[in-house]
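The first chain written gets the first letter, and so on, giving A, B, C and D; residue counts start at 1 in each chain.
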Amino acid sequence: MEEENATPEVQERVRASFERQGLMAHLGARLSHIGPGRVHIVLPSRPEVTQQHGYFHAGATSAIADSAGGYAAFTLFPEDASVLTVEYKVNLLAPAQGEHIEAVGQVLRSGRTLTICQLEVFAIQGTTRSLVAAGQQTLICLHDRPDH
Amino acid sequence: MEEENATPEVQERVRASFERQGLMAHLGARLSHIGPGRVHIVLPSRPEVTQQHGYFHAGATSAIADSAGGYAAFTLFPEDASVLTVEYKVNLLAPAQGEHIEAVGQVLRSGRTLTICQLEVFAIQGTTRSLVAAGQQTLICLHDRPDH
Amino acid sequence: MEEENATPEVQERVRASFERQGLMAHLGARLSHIGPGRVHIVLPSRPEVTQQHGYFHAGATSAIADSAGGYAAFTLFPEDASVLTVEYKVNLLAPAQGEHIEAVGQVLRSGRTLTICQLEVFAIQGTTRSLVAAGQQTLICLHDRPDH
Amino acid sequence: MEEENATPEVQERVRASFERQGLMAHLGARLSHIGPGRVHIVLPSRPEVTQQHGYFHAGATSAIADSAGGYAAFTLFPEDASVLTVEYKVNLLAPAQGEHIEAVGQVLRSGRTLTICQLEVFAIQGTTRSLVAAGQQTLICLHDRPDH
């Protein structure tokens, strides 16, 4: 399946903001797709992102899920607005192990003030892609508050 | 207020498990209190844990909240058990900024299979301590599955 | 779209349990579909289920969502087990108004102890069907504890 | 402990709104305390609010928790505003049984647009009061939209 891309301007705004997130670089995460209302973030496996049994830490899993949802919302915002997470909830469905995990943030409902996103995280091992976390997130649009 | 400490054996089990969490060391987090059913984790401010506006990233905030709750539950488990996060929900109440943040995980209800924790994260700036995140977490006790 | 039905035995177990839920009858809710891992519940509009502005009350919306998810899980349980809700989270996406609302509970992951469901509630007005609530739920299977 | 009451005007606004909630009357729920940022709602035990094992239905438990939190937020709103639930999450900690249950909604953080509440539900049997549900809720203040 070919996924639709956001406009070059929107992609550029998302990338510029993502690069200002110190945590994403520190974890080793990168943007893998920027569509309208939909953003993917990939995190490769490394000892620096594990919990005590060697799986991806729930905190790492949900950090990329939170950013994926936040930027999914952000793609639909006006140019001079920024985004903040109000809250999110995530279920860890299975131990997250594999070569990398990929978070998918998808806008469920977009309003002037609040946006609701669905969050999914998949673990990829070879050709196997399995759902390891699922959640839901509420974001707020701060108008007239450019992101940078 | 003097907080009660867990027994030396329990403290040792928590510390040993915490040290196996690659993510906690990578973020720069450390255990600041281990009591029965209550664990604190501190994360100092540094560019590696920020979001795009320079505040602590919601992912970093909730990573230490998740570990604090997980270990709070773990302090009440039998010796040969390990802990997994089933799910959690967190509200980001205010932008998290300061010298460091401290997550407090507190057991609300402890059952044979499931434990429910309350999660709080405070931002500390000089002598000011303000609540920046609050949440709730469900954990599962895996019996006869030692943590190491 | 034709939806798959559960076996007659499973449908019978779900219906018998649903009829023991005093709240569902009191609200005026009824089962509209019982499939393997998927259950729908309909609630007609009436003054007895409203909030202060005349919309469906969030409590009514989430009551049928909770039961739909619970029975979706239950369809996959062994015969002598019963189901309890551990927790759920629901976003109210839009004011719920219409002739009736329909909750859809769908199993996302089914384990021996825990089951995770996706919850959706739609408002139906004439030929329009709009998503008014979305959530996620954790349920526990109590083995050797028949439901009745 | 004596609990502080809201002003007579605020109490009157809450009572008038509560009386317009068809669901609360239909369940048999009543307001038991209206303080600034804190509201209690009581629901007596009756077959009409049960789940299949005879306990209070999670939907009834969370319906009064949702209203308690909503009105707790509402006590702090300007006179011409109304309240909507954005989302909530609730853990069912123990089977809810007893003569009645009481929901306590308490504002954790009050902002111009969003308010976050802590939700607790207790079951009361004779002189025993036990926590049966705990949750967290996000509400939105609709300015210049009187509640009636």
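Couple of notes before you dig in:
Rule of thumb we're sticking to: a residue touches a chain if its C-beta (ideal position, glycine included) is under 8 Å from a C-beta of that chain, and two chains touch if they have at least 3 such contacts.
All figures in this text were calculated on a predicted structure; none of them were measured in a lab.
Homomeric contact subunit B/subunit C: same residue numbering on both sides for over half of the interface positions.
With angles rounded to a multiple of 5, the C-alpha fit of subunit A against subunit B returns 180 degrees of rotation.
Across the assembly, the mean Cα position most removed from that of subunit D is the one of A. Centre-to-centre separation of subunit C and subunit D, using mean CA positions: 22 Å. Chain geometry summary: the mean Cα position of subunit B and that of subunit C are 33 Å apart.
Mean C-alpha position of subunit A lies 29 Å from that of subunit C.
In subunit C, the residues touching two or more other chains are 86-87, 89, 91, 116, 136, 138. On the subunit B side of its complex with subunit A, the touching residues are 17-18, 20-27, 46-53, 57-60, 62-64, 66-67, 82, 84-92, 95, 147-148.
Residues of subunit D that touch subunit B in their complex: 89, 91, 93-94, 108-109, 116, 118, 131, 134-136, 138. By the touch rule above, subunit B contacts subunit C in their complex via residues 86-87, 89, 113-114, 116, 136, 138, 140.
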